[in-house]
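Structures are listed in the sections that come next.
Two complexes come next, and they have one chain in common, chain A, joined by chain B in the first and chain C in the second.
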Partner chain A sequence: MKTLALFVVVITGAMLIYAGQDLPAFGDINSPAYQAPMTQYFIENALPESGVTNIVTALLANYRGYDTLGETAVIFTAGMAVILLLRRRET
Partner chain B sequence: MSGIQESVIIRTVVRIIVPFIQLFALYVIMHGASGPGGGFQGGVIFGAAIILYAMIFGIGEGKKKMSDALDKILASTGLTIYAATGLICIVCGGMFLQYGAVPLIPDNPAEVSKYLIDLVEIGIGITVLAVMISLFFNVSPPESEPEEAEE
Partner chain C sequence: MSGILDIVYAEYNYWIYVTLMMIGFYAMIAKKNLIKKIIGANIFQTAIFLFYISLADVTKGTAPILVGGHGAEHAEHAADVIYTNPVPHCLILTAIVVAVSTTAVALALIIRIYNEYGSIEEDVILAARKELQPEFSEHARQRGVAEVSEQ
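And then the complex of A and B:
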């Protein structure tokens, strides 16, 4: 069973490394993420539209605010689930 | 009581350093709008401060600072702050979480958006810190009763 697990891990790792060869280089100006029209829009308009001085925050809390609300709800739900399942009864 | 909890050095250092960790956490949350940081990171740092305190002084002492009931209230308060911010935008005539619609500062939606983003980050931070602390308290093993009697 351990051999099988090792086999699966090695195969998965090899596939990930093989797929990683196709990723664009870090900071590559020709990568699809830089070329997308939305990227240009965000770089030009994110700061003036949201008033903050950090594009990451502008995207996280403003353009993707609904997504971040969901993330917070996920964390909240996870915490409540742990409390419900693992809480010790008062002795 | 394990060896690490008896050490005077560790107890003293922790007592001194916890307020600074909490201050740093507040800085990270408030700094989220203008640099690296934000609600998630700051909340985790704040939770780590309480967890560090509870690790050194015992779960019982930690729960005196942050009780289970307070944990649950804070966790839901943070999420409510976030959702309420979105709903206020609807009430003011915008879309959900469209911060600029709130007429807090006239004719300057970007300014309003800045302050509401800070409010949202605070909400995230409160939820994350409460969940972190409650995870630690609920997963940690119970303190054995006889040892407490010895103290």
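And then the complex of A and C:
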């Protein structure tokens, strides 16, 4: 069982490293993710459009506000599930 | 030979995250203890966080907080500052919250399993379940299938 697990893990790791050869190098400024128009737009327009100097905050609370709202729904659901699982039942 | 070393050095962050991810994956598959499985899942998630944060990095880039945004005292340097990519940071901020939520629910489930079966070892739980509810065991299910096919 442990040998089979090790075999699966090694095969998956080798496949991931093989797939990673095409990814941009570490710290590459010409990577597609950094040169994408949206990234440059966020860096240039975060301050005038949202008035926050921290770009991550501007993204999280302004551009992706509905996503953050859904995130609070996730936390609420998880808290609800924990309460329902751990409360004492009257038997 | 040096060509291969250059490739490995340029992408060593991917090797680190693949190694971490496979450690977590192995713990999830091979360990019988449920808490150790949860720890493995957490290591797996952390490897994915590191992968995204390393994708965001830019050489000589600074944190994505605007220089001179609050006033004019540093504004003369503001034009030639390189910022790292803020979008993966934001994605991972969301993913960390989801990871914490799933860990909380999984640990609560493990507490309930421990109260019910008195163990968090997977094989002990399966044996106890076979004893308590024989109709759900693999042997009984196969016997039921055989009886149905005989009729």
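Keep in mind that, in the parts below, the second predicted complex is superposed on the first by the 88 of 91 C-alpha atoms of A that agree within 3 Å, B and C clash if a C-alpha of one lies under 4 Å from a C-alpha of the other, contacts with A are read in each partner's own complex, and residues count from 1 in each chain.
The rule we apply is simple: contacts are C-beta pairs under 8 Å (C-beta built on N, C-alpha and C of every residue); 3 or more make two chains touch, one makes a residue touch a chain.
Keep in mind the model is a prediction, meaning the values are calculated, not measured.
Of the two partner chains placed by superposition, chain B and chain C are both touched by A:V82.
Of the two partner chains, chain B is the only one touched by A:S50; chain C is not.
Looking at the shared chain after the overlay, A:M38 reaches chain C, while chain B stays out of its contact range.
By the document's definition of touching, of the two partners only chain C reaches A:L16; chain B does not. Of the two partners chain B and chain C, more chain A residues are in touch with C. Judged by the touch definition given at the top, the superposed model places A:A5 against chain C, while chain B stays out of reach.
By the touch criterion defined above, A:L69 reaches chain B but does not reach chain C. Common to the chain B and chain C interfaces on chain A are residues 53-54, 56, 60, 68, 71, 75, 78-79, 82, 86. Interface residues of chain B, counted against chain A in their complex, comprise 32-36, 38-40, 68, 71-72, 75-76, 78-79, 82-83, 86, 96-97, 99-100, 109-114, 117, 120-121, 123-124, 127-128, 130-131, 134-135, 138-139, 142.
Chain C makes touch with chain A in their complex at residues 7, 10-15, 18-19, 21-22, 25-26, 29-30, 54-59, 61, 64-66, 69-70, 82-83, 85-90, 93-94, 97-98, 100-102, 104-105, 108-109, 111-112. Residues 1-2, 5-6, 8-10, 12-13, 16-17, 20-21, 23-29, 31, 33-34, 38-39, 42-43, 46-47, 53-56, 59-60, 64, 67-68, 71, 74-75, 77-79, 81-82, 85-86 of chain A are the ones that touch chain C when the two sit in their complex. Only residues 48-54, 56-58, 60-62, 65-66, 68-69, 71-73, 75-76, 78-80, 82-83, 86-88 of chain A touch chain B when the two sit together in their complex.
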